[in-house]
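Taking it in order: structure first as structure tokens, then the write-up.
Each chain carries a letter (A, B, C and D) given by its place in the written order, and its residues are counted from 1.
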């Protein structure tokens, strides 16, 4: 076979961990030392980012991770976990994977806000705009293109998402707050002013701010959102398999064509 | 339609969270209060178990969660995450789900040890055996049935798994250690004595002990193992999509039948 | 690094396909020749089994594959596909994977029947029993151990599963029917006789029979069941993303502890 | 609870199947009649599209479905299936889901070509352009924006993808070929002319053409691509669990920071 010439096989390399004979190190630190000394949120931060958080960063990161641990039956995530778990009563892992697959596209998506902040920031820096000018441009463009501003509004919390308010408070108290978060808040203010819609910043939006301040990149945020939801996903999958041996079904309506016969030419002898 | 009569549709209920208008509570606690005050590991414990951990339990639970954050290329988990991520460079969630799907069957499975401990514990209680007698019965039965004792041995750590040793130390220091863990350690001691194989207790085995002491059930342990591996899964998926736009492939050997022609009767005009 | 010495890395080999420079062969046949000449069901059979089906086997395999293409809202499969798809409106693949994850454990599981047939067959051969004697032993054992006989009963089809009847008819007409299927039918007959429960053989049970006659092994059957459901999974995922931009939610009841305050010792300054 | 007022729960409806007491119909046809009479590819077409294919459409659809049944170790799909399967030796479904998750983004993606065809077709119709003028505009725009033309080139088949050639032949012979396919071929011709790169149309590109001619929409194509790969995914997952009880690992290189100690302030007593 000469395919190797035509299709070079990419090799494997990593900066995350070194694993070998008598050796498991995460980002350079021996894993047993990590177990003895660090909290889980510090270890998550280290593993994903490559460096340890400061005490203040660790405190704020804990608050971020607690942000979306569950949303009951008002979200596809727990539902997907339960439905898949109902078909796998002896193994919750497929249900956990089912829950994870709902994360990070139109829901549980701090990265959308983070990308808007990044775009707005570039616009501001490139054109030497004030915060307010930048926000006005961003909002005008979104309104003219009928694009959604990510991170705003929540049907259950029309006057303020308590999770977002708590996270903002912890972030500010610990000094993990800056120009970029203020820029997003200005975008929110201008949006409300221009549209008259008093949508609050929701938890996805606030996570996008705070994770930006902590230095995470967009793809990492999707992963962190999934990680944050894991306690709820696991709890739902376990609860489903505990309470019942029933497969999930729902009542639905059939709106398709009525009963008909296969045409003669499709019939076999 | 009268199917509702014949197939009762199960309703949905939960003890995990109450979510509604102006309300998101996890196990009875307002989520914003959780964000302001708890660590992520305390919140995980609360969400899955229903009650808050004590300070000592929280410390030990942190150590458990740090136990298996990554295992580099010496495990299917990170590999699966990377390979799926290589095909989804703009969205890491499929890769995260791919990584999760490798967890909890033959690897990353503290629940196997926990089930052995439970079985041994029942045997001991029912028959009024000493710890040593119980361990001898368990080991004899496993050896005669050629069954594996779960939680023993690691190819990279033949003389002691440093993660297991660190976790045991933290658990003992914080008083989360008891009769059940000692019973498992006795099973290990008897196994080494009877077989002459000096396999150490590995991290899965030690997690099984400590999670049993913390009161978790077997299915919850599989979820916690998945959660513990999430930092590595996320880091690998992100690293894969950062470093390359190449689809993964490997060199392999074809061992099947050589080239042949379809038989005449399968050929179309 | 000396880990290679301690942990041999398994190599990759396959008998399924040979892929290289100017070469894509499936089980020895050039894929372009397959595209020009075979049906999809013949190609599925070839790829999984390694050899081509006869015309009669191909006809019966087609009938098997049509057996469980969809089950509307009365199964977790389509539901899981829709719920995951509701969160991924631009990409149906996560929804498809969500649907697949519900397959093959307590539902859509012809392999359970196949394993029972295999067990009964061994019992019969080993002990020189008649078909009836074998069936009686199997049923007696199941009843005494309160074990379910797989493949029997369906809440929507109490007097006969029309899919199972159609599949049996096609199998018999094409000569893909034999001693093992008759043994399963005898187990069914004895079960009804002993219990008085007139449960019919359902489609999972009949697929287990027919796939056994076709020579498939248990693990392949789980895959074929998943493949058979794929049309419905895809159709549901697509329909969900077409009809709506709404995230799925359901009405549920909270049965947990009422609102409470975090104990003082958990509060941060 | 008054959340129902604020968050309307969407109901469930479908045009795919009607399932109820004594009733399983797919797109209006009784499923037992389908089992008795249709091929699997006809049933797939019916379930996804809502209507039966003509004989010629069915023949071409069979050829499409055979297009990408496997690609050995030169694709993430089989690899992901095997790696996940290595961790789940008793259940191939997680491995099947792992394989599915690699489909339809940068690989196995006929929908990208279909979207280009649709865009080119609209450009042509709106501006009354000739086929050649349209193709030139599309190629010029792609080249100026450094965008890839989807469906062109294959590292293993630099002079022609045999699968694409076979599929084109079957489509033309059965009259499933028209203006849109010719437009794509013209785009290919102009691309080669302008760039001097003699890339052939690959199987994804040709599937995109032929599925467009058959009337499928883009999202359905991603599902069909996944369905087409299912035989290979299943075969790899089964082969992996048969041949070995070894967890997958690969040799890789660690390129991160060398061993270091946790800073003092992170150490616990």
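We take it that a contact is a pair of C-beta atoms (placed from the backbone, for glycine too) under 8 Å apart; a residue touches a chain by one contact, two chains touch by 3 or more.
Values in this document were obtained by computation on a predicted structure and should not be read as measured data.
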| item | value |
| --- | --- |
| Touching chain A and also chain D, the following chains | B, C |
| Remotest chain, chain C as reference, centres from CA atoms | A |
| Between chain B and chain A, distance of the C-alpha-averaged centres to the nearest whole Å | 23 |
| Distance between chain centroids, defined by C-alpha means - chain B, chain C (Å) | 26 |
| Interchain centroid distance [CA atoms averaged], chain A/chain C, Å | 33 |
| Multi-chain contact sites of chain C, meaning residues that touch two or more partners | 3, 6-7, 12-21, 23, 30, 33-34, 36, 38, 72-74, 91, 93-94, 97, 101, 103, 105, 156, 248-252, 254 |
| Partner chain C, residues of chain A touching it in the complex | 1-3, 5-6, 19-21, 23, 72-77, 79-80, 83-84, 86-91, 94-95, 97-98, 101-103, 105-107, 245, 247-252, 254 |
| List of chain D residues in touch with chain C within their complex | 4, 7, 9-10, 12-24, 26, 30-36, 38-41, 43-44, 47-48, 62-63, 65-67, 69-74, 78, 82, 91-94, 96-97, 100-101, 103-105, 156-157, 159, 162-163, 165-167, 169-170, 217, 219-220, 222-224, 226-227, 230-239, 241-244, 246, 248-251 |
| Chain B contact footprint on chain C (complex, rising order) | 3, 6-7, 11-18, 25, 27-30, 33-34, 36-38, 42, 50, 52, 55, 74, 91, 93-94, 97, 155-156, 158, 250-263, 265-268 |
